[in-house]
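The structure appears below as structure tokens.
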């Protein structure tokens, strides 16, 4: 787990695509890179990226794990942060962040419990929690409203000379990097690669998978806080769209759906790609009806690319087995 | 954990009390009883062999011992106390390291990651990278694989090397009892000898080994005592003096089977050799390796031998159309073999090596598993002529000596050996002119082996051609008219029946031309 | 199976079961009204308004606040002006009509050299977060005026604030902004809800069971409509509000939900208050469930309903501003301000446009069928005489040339 | 007891379906009446027809998230074309063929790229939605022939039978599918490749063909569902299928066909369809609002699957 350039790495296609689309945005409208445009752009991209990150970890743990509840959970946290907590007079950063992350952890534990101990297929288990969270959000917040406490300008505004959201990215990246230093990353890749091998080798596969869902929950709740900061309010419908984008982002990021391969770098690129496509179309005034066509086509292209690189990898392995 | 710790363990392990003992151990899955009544003890500092046919309960016993399955009844006494291991980790903590029959490795991860896997806690790592590398080297060295790069991804490893990794994984644990479940099947002769040396050293240190194998020679070679399981019961534990192939066969098999075995060994019908069924012409397995010819005729059984990773697997896969050789072509009278599909049309049926992952459809019925490859034969416009399909199924069951509760029973309910026969029956259902078999007897119990021998003999004498890759030399000597031995990704020698024996094969496998009585 | 494990699972099942029952118990009480401002505050707000328009602002806070004109110190930039349309969901004919009207009028002023050739447009597919990004992009692309239909009244505020500060005129169409950085033009959902409910209440002689067939739960339009209707129904002790079904302004969903609802609610249904384009589905559901039709008011002016009305000789009430008309009125406000006229408040509301049987007969044209999705707008696209707006404005130059819908 | 444990996954769904009906009938006055039952049958049949393809793809080890998109496409295309005067007997088949082609493409891509069909169908469905919008510009003027509307009318009759056509169609579909699964090459191939994808190719199963055909079936049936829903709502509406993304999935899994494939069957999905429909009816009957309905549905789906749809523990896979 050392930081060396790996030419075979899964994330190169994603980064390449990212570079291209970034340039395309710049061409479509040079304002795109102007300094005062960074903040809104990054704030816009944040939910795409962070929810994709959230989705990545369970998918890396394989065995069909995925978390359909990331979007709705983000929505729920958004509602609670902007409506419930202020009504309880809890608007200081500490309690808000702890409670939000607490909800994320709880949700992760619930999903993990359902998937690993009750052993409901992940797609169904998280479909259940997804519906539940959406319902709860509507109970908490029947209509858009609420407000973000002033301190959230740290995220939505500029802080220390850069858009505050950048710090959110940095903190998550650093934590993930630190996690990579621990045994967890190896355990995660093992469980994702072949759960039977991991189990017989003595890995606590249940714990590994639950933690994966907890990480997803925490990142989703971070997204919820970002929503609150960006919108300065809460909207019960804000989370739902990010279920499918997060899955698409993971695919664009070159993370293997079979598990065992991936990381946050590719996922970030994948999530950002979705935002950039979207942004490009609105900048270029291309009729919005074609955005979705572009989404789908690019997604398919990415899948094709990944599977080709995969096949090359596999052929190398096969040759070795001669 | 480091070597110091293991020494410390072995020091106290010299107490006389048995390290592990089983008292009337029992396990059942629903109605099916996998382990009926198993009682024996493993002393400190002994190599204890566990013999028995597939389905006799060996694997179940090992799963209980290594914390994968809880027992349904009876006691497992470990180091003086009654123990119930909730999971493999608990068993390892107690000092039991197991190498399972299946080579459970992770392709994406490096050799080092694969070997140390499971030592860590959820987050906390117990070893630094440097220590890990050192210990992994050490462990690999004990089985003569010190040359293996610790950072190479396992995806690039040969099957033998992969099994080496699993063994190293077990050796790295601080163990007092090492369990080897059919773990040597993929190892080549050299690696296996190195392993056995190591086992003897461990025994000298006062540590114990529970050793499962279907190879009598291995058991007679290193086992101090042997416990025989038959249909879930421990029928006897023999000391080294008492152990002999005959007694073991006697004990583990019901009498008919034992006789059948001798029968088959005795039987050596001469078959009429007919026209070529397929010919490998100027075939080279790798671009740089030498090209060669090999012709297989109707009515003959041609063996394929070689040390693991010397190209023999690639060769039979080329015959089956699964891969293209670097140069040359495989000719049949119905044209050249270029794909798996047209190999079938040319009458070549292929039996893959891994029954579990490449063969059996567990939830499906015996009938489905037998006929799935030949369904088209029974279909009118996509609909199945069920009566004809069942008739064919019944015929195949007879032809391949399958013992099954019925055609509609799920194949998962069958013993490993019978599943293997169903798998072979599926190939026969294709009515092929040639059978290409990739180690069909691997990890199959004696009874099933005898049946498979009969099937092959029958197939050949009915005018079919058989290309049989096997890692068991005795078997090759027993069955084959000729054995093609591979060395360095090329055909090294073809040994005819007259000069066919284990020594000749081994010599050829190690590339000693003179000794092999080489003839090409 | 270990005892703790069994116990744990049992606990979980019990907990969930209890939870479900709890919800079943207290559901429906999910009252969801923004808090009413203090009486004094209401009066000062109302005081700002022209007297004759005040009824249109009844319970205004459900839908939008009333502030002083945020653009009081705003001086319009010199032409040519860049007009922009920041939409949340361009996927309906109502929105398309609105956009086309804006383009049409823009062309007129482009001919006069006053506006740029194109109207920049964005669509966020109802994703408020994306809409905010697009809004920010727009005002960085040099828009003079941004017409917007925010998918919620608060989400765009940060963007609107920046735009406002940088001298961009923000106008919300048939929607509202909670923050005082935009001019809101449209109608008051609460009043519309009241009118529809009042008609139903009268039509059933203030006695019987009434169902609300609402749109999308949790958006301010629906909330204000429901609030208006409920307040009216509450006045009549003998009227029971037997349920609220959400049809998502979508015939299929509306009919499915109605069929389910009817199957589980055998009691007689006397009146239905629908909030647009769903009453035909409701009728079919009733008919196919072998129920007598109920008195229906539907907040729409879709040609389909007018045709249905005509074919079935209904006695009904409906009303709504079509996209084209709203486009015209919004454009009118914008152009007035670009000519230096200043509104006295941020929220400019028209009286609800009501279609009764007589008006429906007028609007009906043979070309209309129960499936045509056009909007039965006044032929001249004037929901109300332009002069109505003059009482909201002061100063500035008269608009020249006049926009021609 | 043992027998029960073995049969539980088969019996439980049907038992629950019946139980739910009894409970609802007991809790809600007048739920037992004929119209309610016919409503239930109609709504269940619509869900059932939409879930048929989904069941087969899941058995085969795939999953089809493009069901709602194809439904939307079929609904819009059919209603718009008919509205413009095209004969329903031309546009109907055309739409179904389109569905089949889309499905076939899904299968082809998933198989040739060897990527999860979940993500492939996700991609294709976004493309389909985009295509619908690009063509209609959000302005869907359309209408539906009366016989289609009657086909999906709660009080519709089919000849002498007092049931709407879609219910009859559903019953036929069940028969066809059960035969297809048990007695056809395609069916057996599907189960096999779902049970052990690694072995399928080596067992001479033409996977590419299989995936193409099965997804094509799914696409075609989604298109049929789309036409029926056009009749049901008598309007052209691209969003009409949205409700069917997760309901079809839940119906299949609650019915007892595990998402991993190789087991189960359409007969079980029937139970799933009834359970889902009855659940929503019960919740509406209890007067739960939108929010509470979602919460309960979520919890109940998970609970039902937890009761009998559980995956095997790792230790059983070794």
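Note that the chains take the letters A, B, C and D in the order they are written out, and that residue 1 is the start of every chain.
Operating definition for what follows: a residue touches a chain if its C-beta (ideal position, glycine included) is under 8 Å from a C-beta of that chain, and two chains touch if they have at least 3 such contacts.
The model shown is predicted, which means the values in this text are computed figures rather than measured ones.
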Maximum centroid distance from chain B, chain identifier (CA atoms): C
Chain pair, A-C or B-D, that carries the greater number of C-beta contacts: A-C
Centroid spacing, where centroids are CA-atom means, of chain A and chain C in whole angstrom: 34
Inter-chain centre distance, chain B versus chain D - centres from mean C-alpha coordinates, in Å: 44
Inter-chain centre distance, chain A versus chain D - centres from mean C-alpha coordinates, in Å: 30
For chain B paired with chain C, centre-to-centre distance based on mean C-alpha positions, whole Å: 72
Where chain A touches two or more other chains, by residue: 118, 138-139, 142, 196, 199-200, 288, 291
Shared-contact residues (touching 2 or more other chains) in chain D: 133, 137, 290-292, 295-296, 299, 306, 315, 318
For chain C, residues that touch 2 or more chains besides their own: 30, 90, 217
Touch relationships between chains, expressed as pairs: A-B, A-C, A-D, B-D, C-D
Residue ranges of chain C touching chain A (in the complex, touch as defined): 5, 8-9, 12, 30, 32, 34, 90, 118, 120-123, 125-130, 132-134, 136-137, 140-141, 151-155, 157-159, 178, 217-220, 222-223
Contact set on chain A toward chain C in their complex: 29, 31, 34, 36-37, 40-41, 43-44, 47, 113, 117-118, 138-139, 141-147, 156, 227, 230-233, 235-238, 241, 278-279, 282-283, 285, 288, 291
For the chain D and chain A complex, residues of the former touching the latter: 63, 109, 113-116, 118-120, 122-131, 133-134, 137, 246, 249-250, 253, 258-260, 290-299, 301-302, 305-306, 309-315, 317-318
Touching residues (chain side chain A, partner chain D) in the complex: 64, 114, 118-121, 123-125, 127-139, 142, 195-196, 199-200, 205, 244, 247-248, 251, 257-258, 287-297, 299-300, 303-304, 306-307, 310-311
Chain C - residues contacting chain D, complex: 13, 16, 19-20, 23-24, 27-28, 30, 90-93, 95-96, 217, 243-244, 246, 248, 250-257, 259-266, 280-281, 284-285, 288-290, 369-374
